[in-house]
Each structure stands twice: as structure tokens, then as C-alpha cells.
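There are two complexes below, and they share chain A, which is joined by chain B in the first and by chain C in the second.
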Partner chain A sequence: MRRPRIVISGLGAVTGFGFEWQTLWSEMLLGRHCIRPWQPEGAAGTSFPIRYAAAVDEQSLPAYLQTHPAWSSELEKRARYGWVAASQALTDSRLSSVQWREVAVLAASGAPHHWLSDMQLAFPDDGDEQPSWRHVMRRADQVRRDGALRQSSDRLARVIANELGSQGPVLNISSACAGAAQAIGNAFHMLRRGECELALAGGADSVLNLDTMTALYLLGAASSETRWGADLCRPFDAARAGLVAGEGGAFLLLETLEHALARGAEPYAEILGYGTSLDGYKLTAPEPEGRGASQAMAAALDDAGVHPEQVDLINAHGTSTPLNDRSETLAVKRVFARNQHYRRLSVSANKSQFGHLIAAAGAPEILVTALSCREDWVTPTLNLNEADPDCDLNYCPNEAKQQRVDIAISNSFGFGGLNASLVLAKYRSEAP
Partner chain B sequence: MTPSRSLHAEVSAIALCGAGCVLATGIGVDALWGAACAGRSGIRPLQSKHFRSTRIAAFGHVSADDHARCLESVPRHLQRYCTPSVIWGVSAVQQSLHEAGLDPSGSGLRFGLYTSQGGYTHPSLDAYAELLQECSAAGKLNIRRLAARILQESALDPFLVLKSLSNGLLGIVSLCYKLEAQCGAYMQGVAGNQAALREACSALRERRIDVAIVVAAGSEMDALALTDLVRAGAISCEGAMAFTPYDSKGRGGIGGEGAAALILRRQDDLEIGHAVCLTEIKAHTDFDALPFADTHVDLLISHGAGIPGIDKELCAVLARTGATHISNSQALTGILSGSPSLVDLIFAREALRVQQVPAIAGLKRAVMPALPFACHTKPASLRHALILNRDSNGFSAGYRLERRCIQTESRVA
Partner chain C sequence: MMSGTTRPVYLLESAVLNAAGNSAEALYGQAPTANALEFAPDRRGFPLSVPRLPTDRFDRKLQRSVEAQSLRLLHCAARLGPRLEALGLPPERVALTAAIPEVDAPSPSWEAVAAMRQQPDLWLAQWFANTPPLHSLILLNSSSMAYLAEALACRGPMAGYCGQEGAGLDALLEASHNIAEGRADAALVVSTSPNITPALFLRETELEEGTTPLVPGEGAAACLLGVEPAKSDTRNVRIVGYSRGFLSPTPAQADARQADPFARVLNQVLSCEHLSMSDLSAVWSDPDDALLRRAIDNYPVRPGSRPVVGALGASSLLTDLAYALAAPEFAAPVQTNYLLLLNRSYTGHLGALLLAVEPARRAP
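== the complex of A and B ==
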């Protein structure tokens, strides 16, 4: 039986570049990044070692978005950014509001935001007792409504679904840095299986707070490098020293091609395949030979019915950590070994431009991959000045490159050793 | 809030080959079933070293002894990454694989791992307690000192971020069994359970995998989470010590915690014999909008509220199923945020296997006596079971199970 074709017909992104995907795309093609000096709340002027991040600048909120209910709702930042991105994707898709109820919602988000002021509520008034939940409960009315203690990780999916009046399906995906890619991959499979005709999929996250950034630093994942200033996110560079966190989110409207054409929508790109895998190796490090990553890519290609030699571009997970970039390179070499196709591939690492959005990372990266397929442009890997000898692919260093992109892969790998890859293609009216 | 359309044909002929659980009733399916047959609830007086409550008086705790036993299932080097519910989840998977007679490392089969976690995902105050104490003076927190201290590894659990992620169960189970499998991780109660089961069944049906491990875990043993459940009307704040869904003297719900796991395989991959198969998954935002096929229902396992007025309304839906017998597992375990659907699937599977209708623990006088609520455990001829789940977040799901003779079904096919 012929499977339905699934296309992307609406885009929305909130990143350090701003609140519109058009800004994100144009800034990326110009070879810019949005990583700026940053310190967590209450830690300014301390020795806190994380000094840069790609934070969302709410001061640059466009006037037409200032009345969006996300800003007046009691939500964590991740839910706000995700809700706005989802609204942008819906607007971009020109989907009639009467069809919103038919939209499935699949959302990923990661770690909750703990406010120091909430932690302080655990202290007794007289200071003689130990900190305790009892004191927090006694002052429950003072617990911040936009923090972890009052929010749950399914809140993002709930606010979007409620806004749409969605009859579903509605799924909360939680798979760390592979989360948004899994949300989009799940949506793709659900559409292909005929469980829905429209899906809004993506994710949003913000780890720009004291405890999560501290934990990432202690785990050796976050870069505290200072010699490069704001240019410290350097995927595949010999001097890379860890991830640089970003925040924000992105959502894509996915639908069957039949549905898109029937309503006169113009697809940005087509999704052909989705694959997942588990490393089964370590919770905090990728399998060093890239075995799990290559299994995810191979599964996605198999699902797509695409030969490795047909792939033009890989939008890499490319975290700028010593471990990931090396193992991902090995994984690419393994999957694209035949005729040494890996030498002809372009590889791009978006995190060098808008940071690592953690659970949401896959969403803007798949969005960018779709635009690469549509526009035939490959975004650059910034700050790649001296390639690591173990990282010897064509990473498109520092400048965007015009290149025909018919088929591309987007990779997302997460803590826990879980991997997700999607295969995207340039939209054509005839089936690829 | 997490609805889903009907998936009738999608999951046909998926057999439940193994099961495991860690609940207030104890470790293992036998403990759950034994409690069911005896009408013995696992709900106990609420105990917490962090808070006291007279209004929320009872909880479906996993006992400290059972938790200690479950720790043996998790390699020591992985325990530091685990919340308690993740540890219970690993134990549940171990039990389910044992029953299914499968060893992921040596079977040559392609496995998939699908998880769901429930409850609040922020780490407990325990993670901060020492630090807060150290960085405070006269009841005030010195944020500068805190910022400086947490950079020393001993001052803050570096795995805090991992523990607070909801994919911890997926990562830990995959490491315990060295699974290089297809996967998916979902969140929250009935919605998360249904998503994990749906993806597992789809992967089996599309022959992307040969065996699906579906595991779910969670706990609401958290002061703010319990408060929110009270606010949502899901649990009692009147000091109720027992949860008796569908009883005319019900006093509201009681929270619980635990984990459950199922091993799913395609029916046509199994050897000849009897198997309980998941034949249908249905879901909707509204409990009363769940569509029902016209097939006969021998046993209905349904969530209830424990509030007579609401239970009476639910009875209208239950009556439409035409079920011969109606039972409930929540009276044994409390309301589960982690594994509500998996526990009911295990409960129903046991009933179909042993051909017994389990009693609703504590049920004395049903809110609607005309309906066939099970007041006593009794033998019965059972082939078709229906499970109806509802969550405080407005999500409902239904599952249909059938006891099949594989030899007969295969020949017909």
C-alpha cells in the first residue's frame, strides 16, 4: 500500500535571534551567532564559570506578539517560548482556525526551572530549624507560579492543546536532547499511519538557571572557556570545550501532502524517514565509536527508502563537546562509507549559531534543515578554525554555502544514550 | 487533556508475554493479584520525613523493604542516577523479561524500549537540603555563597539534571540491559502510558522490532503534587484512609506510586498456546466519549473517583459497555501517575489467565447496585476484557484485551 507523503507546511521559532524564523534564517546565512555574555540570576559578579549563553531577548519582542497570552500566563520560560513558537507556526501555515481542533500536538521539553526564591521558602522564620518542605507548604501561596514547583513537564503540550482546542492526539515527549526530534519523528509516523492529518510538533526549553547550568558544568558538558569570548561554541574545532546553552523553541506544522494541497498550502519540505536508537553505553557520554548514532541514521534512511549516497547534507547534533563531535563524525563515516560518500557530504552544526536548546534542540535544527532543502543553502559551522584531526568531514566552516540540497538528515542525540535522526527532502510535486 | 483517536486495527494481535510491577501491594504480579483476590489494599497511612498532613491521611506507598529489594536490580554504579521510581521501573522490567523468558543480550531479537514517567519531575528538596543549610545564616540564603559552593561537586548532586529529566527511566533501563534498541520516552499518567503502548504496538506491527518493553513509573509523594491533586479533586483532603471507587460511602481518591512493565510481542511470533492479546487502544479527552465496539465484554476494569456523585456519572458510561463483571485496581494501589494503564492491563491479563473476577477492595455497597460490580473474587469464564482509564488532567483511554488460543487464531488467519 502506498504510504501518504508528509510535508512541513508551517514554521515557528523563538531563539536568541528573535521571535521569527525568518530572522533566524537570515542571520544564520550571514554567519552570525546569538551567543552573548550571561550569568544566572543572583550569580552576577561571582566566580560562576559559565559566562555565555544564547538567551532569548524578551526586550526585542515584536509589537504584534506583545499581546500573546503566553506573556501574561503563569508559565515557565520554556512553555512561554514554545507556545509563541507554536502560534507562529500555525500562523505561518495559514491553517484555518476551524481546523485547529484537528491538530495533533507533540511537544518536548526538558529540565524544570527552579527559582532560588522558592528554595528560600524552605527556611524557617527563626533560622533555628533545618530547611524543610513543611516550611515551603506553609508558604505555598508564595511559591512562584512560573517555576518548577508549580509547573509540570507536560505543561507545554497542555497550553498549546488548550489554545487549539485540540482533540488530539496530544503527546508529551521526554527524551533529553533528542526530545524535539522524537516529537517531530513521532508526529511524522502518526501522520503516515493515518492517525491524524495535521500535527504541530516540536519543543521548547530553557536551562539558563543556576542549578541546571551548574549540573551541566559539573557533568563536564558545558563550556567555561574564556579565551574565545562569545565565540566559544566551536563544533568540530580542535579547541572545542563543551556546549553553550541556548533557550527557546520551535514548532513545525506537519500534514499529509494530500491535506496540504487540498487547502492550498505550499510545503517547505518533505519528511521521508525517522529512526531512533539507544546506545546502551553510558548515561552521560555517547558511545565513543558512534554506534548508536549510526544506528539511528541507518534506521531513518531505511524508513525513508533512501540510499546513503543520495544524502547531500547532515545537520549534525554537533554540540561542541569533545566526545560528541568525534563520535558523531565516526558515525557519519560508518553510515556513508560506501564510495566514501562522507567526503562529498556537507555537515553543518547549528548550535554554533543559536546554542544548544537541550530538549528543544532538534526543533529549530529540523526547521533549518527544511529551509536548506527549500533554499539550497547550507548554514555554516561557526568558529571552526582548526579542525580536530578526528573530525575530518566537510563541516562548511564559518560561511554559508549555496549548494543543491535534495535530501538531508538532521541528528539529535541525548543524555541517556538515546538518538534520533530524521530524513528530509526538497519538496517536489512528484514523489521522490 | 491528551486525547487520541481510535486505533482499532493498529494493535491487533499484540500479545502480552510478560509483566512486572512494584506497587503498594508489593513486588510482582503475584503480590498484586494476591492482594486483589484477598481484597487487601496496599494503601497505608501517609508517611513522609518532609511534611505532615492531617487532611491527606493515606497513600499507596511502595514500602521501604520493597524499595531496598528493587535496588538489587540496579547495578551499583547506576544507582546514583536514579530516582526511586526509576529503580522500581528497572525491577518491573526485570520481572517482565523473566516471565517472558527473554534475555535482550542473547536472544537475537530486535527490542524496542518505550517508557512513561509520571509525577512531578523536579528533584526533591533532599538534593538541596545540605546546601541550603550550609549557605544560610539567620534563615537567609546567601546566594553568592551558594553559587560558589555548588561548583564544588560535593555541594550539589551533579546528577540533579539527569534525575529531573523524564527520560531517566529510558536511559537507565537501556543501560541495565545494554539495549541498542528503538525507543520513545513519554510523560504523565494515562496519556504517557497510552503513547508508549501505541508506539510499541506500531513498531511491532510495522515489524521494526520483534519485542517491545513498555515500562512506566512515577510517584506523587511530593507535598506540592499532592496539593495540586487535591485542588484537581483527584484525591481526598478529608482524611480518608481507604479508596473505595464506586462505593456509596466513598470519601475520595488516594494517591499512589509505583512502576509496571509489559513485554509485548506479535501474536504470530509466539508458540502455540493461550495468550492474552491487546486488540484495541482507544482514547479521547472525555471519558464518556470513548467509543465502544459492539463486542461482548466479560470483564471491565475501570478507574473510579471514590466520590459517589462522580462515580454515579461514570456508571452511565460503564453501563453502556454491557460488561458482565466490573472491577477496579486503584483501590489496591492508589491513583497512579506513573503506570495507571499498565497496571490495569496487568490486572486484566491476570483475570483472563486465571479465569477469575477480582473484587474491588473495600466495596460494600455500590453507587449503582444494578451494575455488576465485583464485591467478591469469583471464578468466571472470561475471554474479553475492557479497560477504561481517566486522569485528573482530563485524559481518558480504553484498551481491549482478548484471551486467545494462538493455534486456532493462526489457522483462521
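== the complex of A and C ==
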């Protein structure tokens, strides 16, 4: 039986570049990044070691979005960004509101935000007792409305579904930095097997808070480098020193090609395959030879029915951490070993431009991959000035490159060795 | 699912942990009593003491560093290890999917908060000195999945879901599809309830008006799926069909069409094997759910595990699955029995899972 073709027909993104995907794309092609000086709320002027992030600048909110209900709802900021991105994707798709009920919603979200002030409520006023939930319950009226104690992590998926009047399915995905890729991959498979005809899939996250950034710093994952100012996110560079966090989210409207054509929609790109794997190695480090990562890419290619030699571009996970970038390079070499195809591939690391969106990371990266397929442009890997001998692929350093992109892979590899890859293709009316 | 062009999916074994004990049969025994909660004496629940992890599977350090909900999950899932290993599959052919709720509070950081209270002028130094490096990672669902992947040698496809009752079905279905569509030959599906904390009650503003207050339970449930039933089994349990939907619980979105999604979910699941309600041997659901009763035209339903061990959140589906299959009348069937599990979470997720309990295949 012929499988239905699945296309991307709506885009929405909120990142440090702004509130529209068009801005994201044009700034990326210009070789810019949106990483700026940053300190966590309540720690400004302290010696907090993480000093840069790709934060969303709410001051730059366009006038037409200022009335979006996300800004007046009691939500964590990640949910606000995600909701706005989802609304943008829906608008971009030009889907009739009559069909909104038919849209499945799949959203990835990260670990909830634990406010310091909420944690302090667990301590008794006199300081003699141990911390206890009893004190939190007694002072429930002081618990923040936008923190983990009031907001379940599936809130984003549900507010989107409620806005659409969706009849589901509605899924909340949680697989660390592979989350949004899983959301889009799951949606792709659901559409392909006929569980739904329309899906809004993506994710949103923000770890720009004291709690999570402290943990990332103590783990050695986040860069506290000060040598390069805001240019500290340097995937695959010899001097890379860790990730730089971003925030925001992105959503894609997916549908069967048949459905898209019937309503006159113009697809941005086609999704061909999705694959996942587990490293089963270590919580805090990827499998050093990249076996899990290569398995995910191979599974996605197999699912797509695509030979490795057909791939033109890899949108890398590229975190700018010493361990990830080396093992991802090895994984690419393994998958594309035949005829040394890895020497002809372009590899791009978007995190050098808008930071690491953690659970949401895959969503804007898959969006950018779709645009690369449509526009035949490869976005640059910024700040790659001194090649690491262990990272010897063509990473498109510092400048965008015009290149034919028929088929591309987007990689997302999460903490704990959770790997997800998607294969995308330039949309053509005939099947690839 | 599970169409004629895909492979069959069999449930090989399941494991549960809850206030009734650590076997599905215990759910039919003496019912445990809900206790007043220490932090909210006017509320009741079924809290569990933290289980001890088997040290032959997990690093001893995990017992101290992992959150209670993950300890329950690891403890429960580890019991499926021997059956999984007996399949003799390469790790790359074993999938792992999980339904794990968010952790409501970072209790390991309380030391940091306490230290800051004592010396507020040194707060940043105190924060760093007293926050364990793995603090945030132990809160991530992926950490629990990573521990399991390492301990039980699962390196195949993965998926993680986080949410209320619906997450358990999402995890089970993704695992089933991985087997049915040939990406894996076995799958471990794991789930855990949230820890009982104030968050469960502080979020109750989302509950429908007139809804009975939640009586939460703590627990975990897991199951092992495979592409073939074991020859020694006295019955075969096959995953036949499913359906998922969503029904906005928000009054602003509620309208006269509210029953439609439920009817759609029910029609979809029954159409998987061209069944009608009269073909079913039993239906498990919430007998007090008026919408559901209307959708199934008052067909008699058996209550799931909730009245026995409390609302188990993300682990409720797999617990109910084990509970249904432990019913004595389905232990050694002489004909195919179709069992249907229906669920509506208070956040609006609808789920239906159809199982066939069949006489064991005889070796030719």
C-alpha cells in the first residue's frame, strides 16, 4: 500500500531573533546571532558565572501580537512563547478555522520552572523545623501562578488544543533535548498511518533561570567563557567550551499532501522519515563513538527510503560542547562512510545563531532545515575559526552558503542519550 | 493500528507497584485505605514508601540521588528484566518508551535554600555549594530513561511522554507501533505516578466544576511487548486497536458537540476489528463519568484501579491494563475475549485501548 506523503505547510517561531520565522531566517542568512549579555532574574550584578544567553526580547513584540491571549494568561513564559509560535504557524498555514478541530497537537516541553520563592515557602518562619510541604500548603496563596507548583508541563499542549477546539489527539512530549524532534516525528508517523490529517507539532522551552542554569553550569555543560564576549557559542571549533542557552519555541503545521493540495496550500518541504535510538551509555555524556546518534540517523534514512548518498545537508545537534560535537562528527562519518560521502555533505549548527532551546531545540532547527530545502541556502555555523582536528566535516563556517538542498537531516540528541533524527526533502509535486 | 500490513504486538509481561502491593492480583485482595496526607490533613491519598532498587541492576548511588517517582519506576521496570533478557534480542532491537510526570519540586535543592536563609549575604556561594550537580538532571524524564536503557540494555527506538493519564497510552502506543512497523522486536513501556505533593492540589483550579476532589495514589507500572507470544504462556494477549481524542474541559470551549469526540474515539477503536459493543467481554472505565456512560449507551463498565489505589496519573493506564488482565475469568480463555479500556483524564485526554485475550497458540 502506498504511504501518504506528509508536508510542512505552516511555520511559526519565537526566538531571540524575534517573533516571526521570517526574521529568524533572514537574520540567519546574514550570519548574525542573537546571543546577548544575560543574568538570571534576581542575580543581576552578582558573580553568577553564566553571562550570555539567547533570550527572547519581549520589548520587541510586534503590535499585532500584543493582544495575543498568551500575554494575559497565567502561564510559564515557555508556554507563552510556544502558544504564540503555534498561533503563527496556524496563521501561516492559512488553514480555515472550520478545520481547527481536526488538528492534533504535539508539544514538547522541558523540566518545569521551580521558583526560589516557592521553595522558600517550604521553610517554617521560625527556622527551627525541617522544610516541609505542610508550610507550602499553609501559604498556598503565596505560590507563584507561573511556576511548577501551579503549572503542569503539559499546559502548553492543552492551551493550544483549547484554542483550536481540537478533538485531539493531544500529546505532551518529554525526551530532553530530543523532545521537539520527537513531537514532529511522532506527528509525522501519526499522519502517515492515518491517525489524523492535520497536526501542529513543535515545542517551547526556557531554562533561563537560576535553578536550571546553575545545574547546567555545575555539570560543565554551559559555557562560562568570557574570552569572546557574545561570540562564545562555537560548535565544532577547537576552543568550544559548552552550550549557550536560548529560549523560545517553534511549531510546524503538518498535513498529508493530499489534504494540503485539496485546500490549496503550498508546502514548504516534505518530511520523509523519522528515527530514534538510545545510547544506553551514560547520563551525562554521549556514547563517545557516536553509535546511538548514527543509529538514529540510519533509522530515519531507512524510514524515509533514502540512501545516505542522496543527503545534501545535516542540520547538526551541534551543541558547542566538546563531547557532543566530536561524537556527532564520528556518527556522521559512520552513516555516510560509503564513497566518503561525508566529505561532500554540508553540516550546519543553528545553536551558534539562536542558542540551545533545550526541549524545544529541534523545532526551530527543523523549521530552518525545511527552509534550506525550499530556498537552497545553508545557514552558517558561527564562530568556527579554528578547526578541531576531531571535527573535520564541512560545517559552513561563518557565512551562509547557496547550495542545492534536495534532502536534509535534522539531528536532536538529548541528555541521557536520547537521539532523534528526521529526514526532510524539497517539496516537489512528484514523489521523491 | 494494528492493520493487516503490520506485525502483531503481544503483551508478554507486566509489573505494577502501588498501595495494594507489587502484583496485579493484589489489586483484587484486601483494599488499602487512603490516609490523611501529612501536608494537608483534610485530603487523603495512597502514598508509598520509597522502594529499594536492586543493586545487581542499578548503581547504589541512584538510591540516594534519584527522585522517589523515578525510584518507583526503576524498581517496577527492573522486574521485567529477566523476561526481556530471555528474548535474547540485540539491544538495538529493544525499544523503550516512558510516561513520566514532571517532578514538582527539587527537594535536593532545599539544602541550598536553607543555607541561603542562614547567610543571605552569601546567597550565590551558598546556592552553588549546596546544589548537587545532578540536581536538574534527576528531574528530567530522560534521566530515568537513561538509567533504564543502561541497566536493561535498551538501545532501540525511544519516546518520552509527560502528562496526566493520557501519557501512559501514548507510551504504550508508540512502543506498539515500533514493533508493528518493524523498528523493534520488543519494547519496554514504563510509567510512574507523580509524587504526592501540594502541586497536585494547587493545580485543581483546572478541575471541572462539581468534580469529586482527587484522591491521588503513588505507584508505577510497566509492561514488556513483543512480536511473538511466549510458547509457555497459557494465553496470548494481543494489542488490537486504540484511539485517542481530546475534549476540552474548559467551559468556554465546551459546547453541544462535547459527546462527539468520545463517540469518535469509541467508533475508531471498535472498527479496528469490526466489533460492536456486544462483542466485548468487558469494559474498564470510570463508572461515574456521565459523558462516557452516554457514549457507550450505559453498557456496564468495571471500575479500574482508581477506587482501590487512588489516581495514579501517568501510570494509571498500565496499572489498569495489568488489573484487567488479572481478572480470573481471563486467565485461561477458551475463545477470544475482547477487553476495552476507556479513559478520560481531568485535563481532557480521551483514550481507548482494545485487547484480545486469546487461547495460547499450540506449537505445530
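As a working rule, the second predicted complex is superposed on the first by the 424 of 432 C-alpha atoms of A that agree within 3 Å, B and C clash if a C-alpha of one lies under 4 Å from a C-alpha of the other, contacts with A are read in each partner's own complex, and residues count from 1 in each chain.
Everything that follows uses one rule, which is that a residue touches a chain if its C-beta (ideal position, glycine included) is under 8 Å from a C-beta of that chain, and two chains touch if they have at least 3 such contacts.
All figures in this text were calculated on a predicted structure; none of them were measured in a lab.
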item	value
Combined model on chain A where chain B meets chain C, clash or fit	clash
Partner chain(s) touched by A:Gln120 [first = chain B, second = chain C, both, neither]	both
Partner chain in contact with A:Gly414 - chain B first, chain C second, else both or neither	both
Which of chain B and chain C A:Pro69 touches, first, second, both or neither	neither
Touched partner set for A:Gly229, first chain B, second chain C, both or neither	neither
Touching partner for A:Gly305 - first (chain B), second (chain C), both, neither	neither
Which superposed partner A:Pro40 touches (first chain B, second chain C, both, neither)	first
First, second, both or neither for A:Met137, with chain B first and chain C second	both
Intersection of the chain A residues that touch chain B with those that touch chain C	43, 46-48, 111-112, 114, 116, 119-120, 122-123, 127, 131-134, 136-137, 140, 143, 148-150, 152-154, 157-158, 161-162, 166-176, 179, 182, 186, 189, 193, 195, 210-212, 214-216, 218-219, 275-284, 292, 295, 299, 414-418
Residues on chain A engaged by chain C in the complex (per definition of touch)	1, 43, 46-48, 105, 109, 111-112, 114, 116, 118-120, 122-123, 127, 131-134, 136-137, 140, 143, 148-154, 157-158, 161-162, 165-176, 178-179, 182, 186, 189, 193, 195, 210-212, 214-216, 218-219, 275-284, 292, 295, 299, 303, 414-420
In the complex with chain B, residue positions of chain A that touch it	40, 42-43, 46-49, 110-112, 114, 116, 119-120, 122-127, 130-134, 136-137, 140, 143, 148-150, 152-154, 157-158, 161-162, 166-176, 179, 182, 186, 189, 193, 195-196, 207, 210-212, 214-219, 275-284, 291-292, 295, 299, 359, 414-418
List of chain B residues in touch with chain A within their complex	1-5, 7, 10, 48, 50-52, 78, 81, 113, 117, 120-122, 125, 128-129, 132-133, 136-141, 143-144, 146-148, 150-151, 153, 156-162, 164-168, 170-172, 174-175, 177-188, 191-192, 195, 199, 202, 208, 223-224, 227, 283-285, 393
Residues of chain C defined as touching chain A within the complex	1, 3, 5, 38-40, 91-92, 96, 100-106, 109-110, 113-114, 117, 124, 127-128, 131, 133-137, 139-143, 145-147, 149-150, 153-164, 166-167, 170, 174, 177, 183, 197-199, 201-203, 244-248, 250, 252-253, 260-261, 264, 347-350
